[in-house]
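Remarks on the structure that follows.
The chains carry the letters A, B, C and D, assigned in the order they are written, with residues numbered from 1 in each.
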Amino acid sequence: MRVGMLTGGGDCPGLNAVIRAVVRKGEVHYGDGFVGFRDGWKGLVEDRTQPLDVEHCRGILPRGGTILGTSRTNPYKIDDGVARVLRTLEAREVDALVAIGGEDTLGVAHRLAAEGVRVVGVPKTIDNDLSGTEVTFGFHTAVQIATEAIDRLHTTAESHDRVIVCEVMGRNAGWIATYAGIAGGAAEILVPEEPFHIDTVCESLKARHAQGRYASIVVVAEGAVPVAGTLEVASASTDQFGHPRLGGIANVLAPEIERRTGFETRVTILGHIQRGGTPTAYDRVLATRFGIAAIEAVHDGAFDQMVALRADRIVRVPLGDAVTTLKTVDPDLLHDVAGSFFS
Amino acid sequence: MRVGMLTGGGDCPGLNAVIRAVVRKGEVHYGDGFVGFRDGWKGLVEDRTQPLDVEHCRGILPRGGTILGTSRTNPYKIDDGVARVLRTLEAREVDALVAIGGEDTLGVAHRLAAEGVRVVGVPKTIDNDLSGTEVTFGFHTAVQIATEAIDRLHTTAESHDRVIVCEVMGRNAGWIATYAGIAGGAAEILVPEEPFHIDTVCESLKARHAQGRYASIVVVAEGAVPVAGTLEVASASTDQFGHPRLGGIANVLAPEIERRTGFETRVTILGHIQRGGTPTAYDRVLATRFGIAAIEAVHDGAFDQMVALRADRIVRVPLGDAVTTLKTVDPDLLHDVAGSFFS
Amino acid sequence: MRVGMLTGGGDCPGLNAVIRAVVRKGEVHYGDGFVGFRDGWKGLVEDRTQPLDVEHCRGILPRGGTILGTSRTNPYKIDDGVARVLRTLEAREVDALVAIGGEDTLGVAHRLAAEGVRVVGVPKTIDNDLSGTEVTFGFHTAVQIATEAIDRLHTTAESHDRVIVCEVMGRNAGWIATYAGIAGGAAEILVPEEPFHIDTVCESLKARHAQGRYASIVVVAEGAVPVAGTLEVASASTDQFGHPRLGGIANVLAPEIERRTGFETRVTILGHIQRGGTPTAYDRVLATRFGIAAIEAVHDGAFDQMVALRADRIVRVPLGDAVTTLKTVDPDLLHDVAGSFFS
Amino acid sequence: MRVGMLTGGGDCPGLNAVIRAVVRKGEVHYGDGFVGFRDGWKGLVEDRTQPLDVEHCRGILPRGGTILGTSRTNPYKIDDGVARVLRTLEAREVDALVAIGGEDTLGVAHRLAAEGVRVVGVPKTIDNDLSGTEVTFGFHTAVQIATEAIDRLHTTAESHDRVIVCEVMGRNAGWIATYAGIAGGAAEILVPEEPFHIDTVCESLKARHAQGRYASIVVVAEGAVPVAGTLEVASASTDQFGHPRLGGIANVLAPEIERRTGFETRVTILGHIQRGGTPTAYDRVLATRFGIAAIEAVHDGAFDQMVALRADRIVRVPLGDAVTTLKTVDPDLLHDVAGSFFS
């Protein structure tokens, strides 16, 4: 078979491991040929391709990013976009497509499947907020990077008796904040799932102080929001170009904590380092398993489906089911586990 | 309640995170008091204890090892051992016991439960070979360490056109070898589950060579064995004190590969570095979840049970079921996933 | 002898290694007793001490921060400050003082020496900008952390064809930016020593683009400034409390680059993670050598002097000389070495 | 100019950074063309080359190993070897040669210089034992890897009350052992420079034990030897092929310690992981500086010389001087610094 492949949305550690696994299994085991589309759906809209075979995948397993490039282009939002995708697939004689991406990328894949495109999805979101799979690759790498950063922040907070507010990724769900907060021994974890009340945060920090714990790390997801009417955050939410701004909430939160508690408070916004670089071993294995399963799905004709992890097994789930619901953090994890370490 | 705690068997990254979670949740949420027993069951046999409260657990989350010490002492193999354990529990006024350990430690816990000891188990094995739980803490840390080592070995193997045989832990099951082998891009993975044939290994390396791939990493679990009668390994299996020897099989395998293929072959035995040091974020979270669940089980009266991970949920399983079967590597993972990258 | 010790200024990886070396060598070799002063000169002003002996130093070698705490308190800026310092030294029966700190802390030490205080200095600045010593501990740890971050930024920059502006520490000198920029393969390095021209930066990025290099990392020291009159930066330089703000310049620079070049540009400000956490092996050894040399200087009566590294030897230099001149980046390193990789 | 380049001897982190710096500076600044010779002097003997320009050096800065390959071939030990080297240089129209290697590789370079070859040397030895330069690239990376391993060994040693003997590289000089031992907090450091006495080692460990320090790390360089007549080591020194064996001495030392002290003792031999993988930031900068300086030396006609680091400056030293003396560990470092932490 002739198989096309693309990666869409934000980059994520493990994308290259998926690509390598699909190509290796496809070429060596099934005798497939491959074509890489550049920069997500954009490559199909604009018919921009790159050669893709086992030789092109040498050495990419430990490398972050994606050798195919990525973008947020959505053919359904472009004049004639879908027709151009279909023309490219025909012109390139693509029998089946492997689409690696998040909610948007796989949403397009699902709609294209309805138009007859034979497509298999591989779930990708560093935020781990895609329903249908227990976990996505890249997530544990981001958590590891954030945890190592928090480990470092502890010693500086302790030397200076400071509060440090550490902002991590997570626009719609607080998985990274919750995991890194638990792993890093945070005093508070603030997530989008539950609006926070600044009074409660400050009372908790004061209670720690009263116990002689003068250094505290507050981990906050970028999408965390205060209870309506309790704290003004509007100005921080976009930059001058209207981009959603990395680092909004921590810059609001920290001075407010310092003002209310009198404790010296500093900000660290981890930003892009969470999504770059070599994947952890866990993510390399998960991404490889997804890749192997994706090409097997192609050969089984299991189209309009996505590979997923459930109870340590790779399964297939309908693309339509997978991309409609946001997977939010388990309240038990947040309250019974993480909450046990808050004052 | 007054709760005793012990850690038994080989040390493992995450033990301190379990201890901290049990103590923190118990003391703050339930008002429990704790007593630490030194060096596993030995502390109960010899009535050696150490104070254990929230203050003693400050700063231990990221630290490897166990603040309680550990040993392989089995009270059932000591004269009067069980009676001494029971006397210690009574003298120390212990209402319930949290035992953190592997097959041996939890086997003792299960037998003591039959004698009326109120005990909850927390599964621990760096080898990930304990049935009843999908994964154990420490395993992914060991895999990460081994994978980073393999990443390093690749560049030296490539510079010198060498085969490097890298021996990892795994006496009875090849989980670490399989995961680290997939994550590290190994050319061959040898595990205890399936005796290897030296001819097959060498043919595969020669096939790679013929394709211009002059550098190869062979990952071998310490418990891997050759097909009976194909390779002499007896002399390598114990040291002069009769200890099971770290690093038996690689030292046999490497010269044999060099002799048969003519390719320069070197050995690296990772040994104890795989079990020491700070746990990964994944293992810190898993260990913390296990600890929280263990003290909850104590308060639910769920004795003679073990906490476990299934489908990303913490569940309880009878201790009797958990410790009887060895969990071996899924053949699909070994053949369909890892095997896709062998020549 | 009875020796006092303090750490002042910003925290820095390796402070604990210095403390441990001083105490170990002093107690075991010379039979000294020690007293720790809390939070730099503040502990002497307020007579706040902590016990300090070999036992208190167990396990601190690999730990970031300082077990003595630190502050920026300057007794010469406090009413009666110097007299209180002298009274504390007398009350605590301190024969000699080891002061570990940067320009400010050692400047106080030098002035106190003129008042008869027997003090030995140990140079500390993560920015590496202290004259009198070839290198200071903590610097290479910060460079290593920044370089690992830049490695991660490369893959995300490449996947998205982006410019990423990475801001590192260095208020008055660009050592971290220069070293991390060379080690991380930066496209541009901007340092306080040489005001930058935004036009030149943008032309260079466009030249790279024209060669097909669509991803670029710009490393900028927090103290880098534009040539006067070329770019407005005032608003970014302090936060609402008047603190010098971490992350001023990158937030100005990135949108300006995007506006002028049309290339998508993002910001990462490393901030406090550069100064926390375990020191590199290099810094642990250097800090240990400094500590050993400091207590030897005390016993040699080499007061009002600072230990320093020159040509891989530990030497002593007068405190007065050491703290007066800023050590800036060697122009050859910036132009002939780093500059060779710019377009 | 047309410049040839080769890397010889064992691989070492930073080789690629040297290569990249030479090529980048040469091509962009001087307009040079390059030819890479494969596998050290072997490539010149056998006229095996590879293309080498700025494009070939993309992305190699953080990669361990050498893209040119390496070997220990010595043309002076091969019939007609030197003549073949000279013929290759002529046939390939090489105006000057940059030879990157250790004592053997640079020794050949120096002899070829006497035959009229225009050659500049770049010092390379992971063991840091080359006189003429204060430090060599790769050394601090090896020390960092060894130190991280020792950090890990501490927690496992402490959990089990064990002695762990950790063998590191260093056949003729104990730089890695000394630095990693200091940085890792070793209880004993054994180096080739000073034969050890097993009684002294065991007495020291017993003294620690008597102070309640039940866990000890002994760092031993592979080339450390016992005082003549005190311990039998012959059998461990070569493998069955007569290769000098990685891991001789630790396997002799550990059982002897256990036998004499009764303390459980284990072995870890770090081996090849010390020389592979990405260089530290320090080594990337040093290697880059060496590379820039080497091509500048070529254009200055400074042949039969080697670039070197002295007092943080890059200088040139005659090749003849540089390769004749072994640089051994400073006794002050071993006794006054490291020794201060032994019992």
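Heads up, the rule we're going with is that contacts are C-beta pairs under 8 Å (C-beta built on N, C-alpha and C of every residue); 3 or more make two chains touch, one makes a residue touch a chain.
A quick map from chain label to UniProt name: A, B, C, D = Pyrophosphate--fructose 6-phosphate 1-phosphotransferase.
Bear in mind that the values here come from a model prediction, so they are computed numbers and not experimental data.
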item: Steps needed, at minimum, to go from subunit B to subunit C via contacts; value: 2
item: Inter-centroid spacing, subunit D versus subunit B (mean Cα positions, whole Å); value: 34
item: Where subunit C and subunit D are represented by their mean Cα positions, the distance between them in whole Å; value: 30
item: Shared-contact residues (touching 2 or more other chains) in subunit D; value: 148, 151
item: Chain-chain contacts as defined at top; value: A-B, A-C, B-D, C-D
item: Touching residues (chain side subunit D, partner subunit B) in the complex; value: 7, 10-11, 13, 15, 63-66, 69-71, 145, 148-149, 151-161, 164, 239-241, 246, 255, 258, 266-273, 275-277
item: Residues of subunit C defined as touching subunit D within the complex; value: 21, 24-25, 28-29, 61-62, 134-135, 140, 143-144, 146-148, 151, 179-180, 182-185, 278, 280-282, 284-285, 288-289, 292, 296, 310-312, 333, 336-337, 340-341
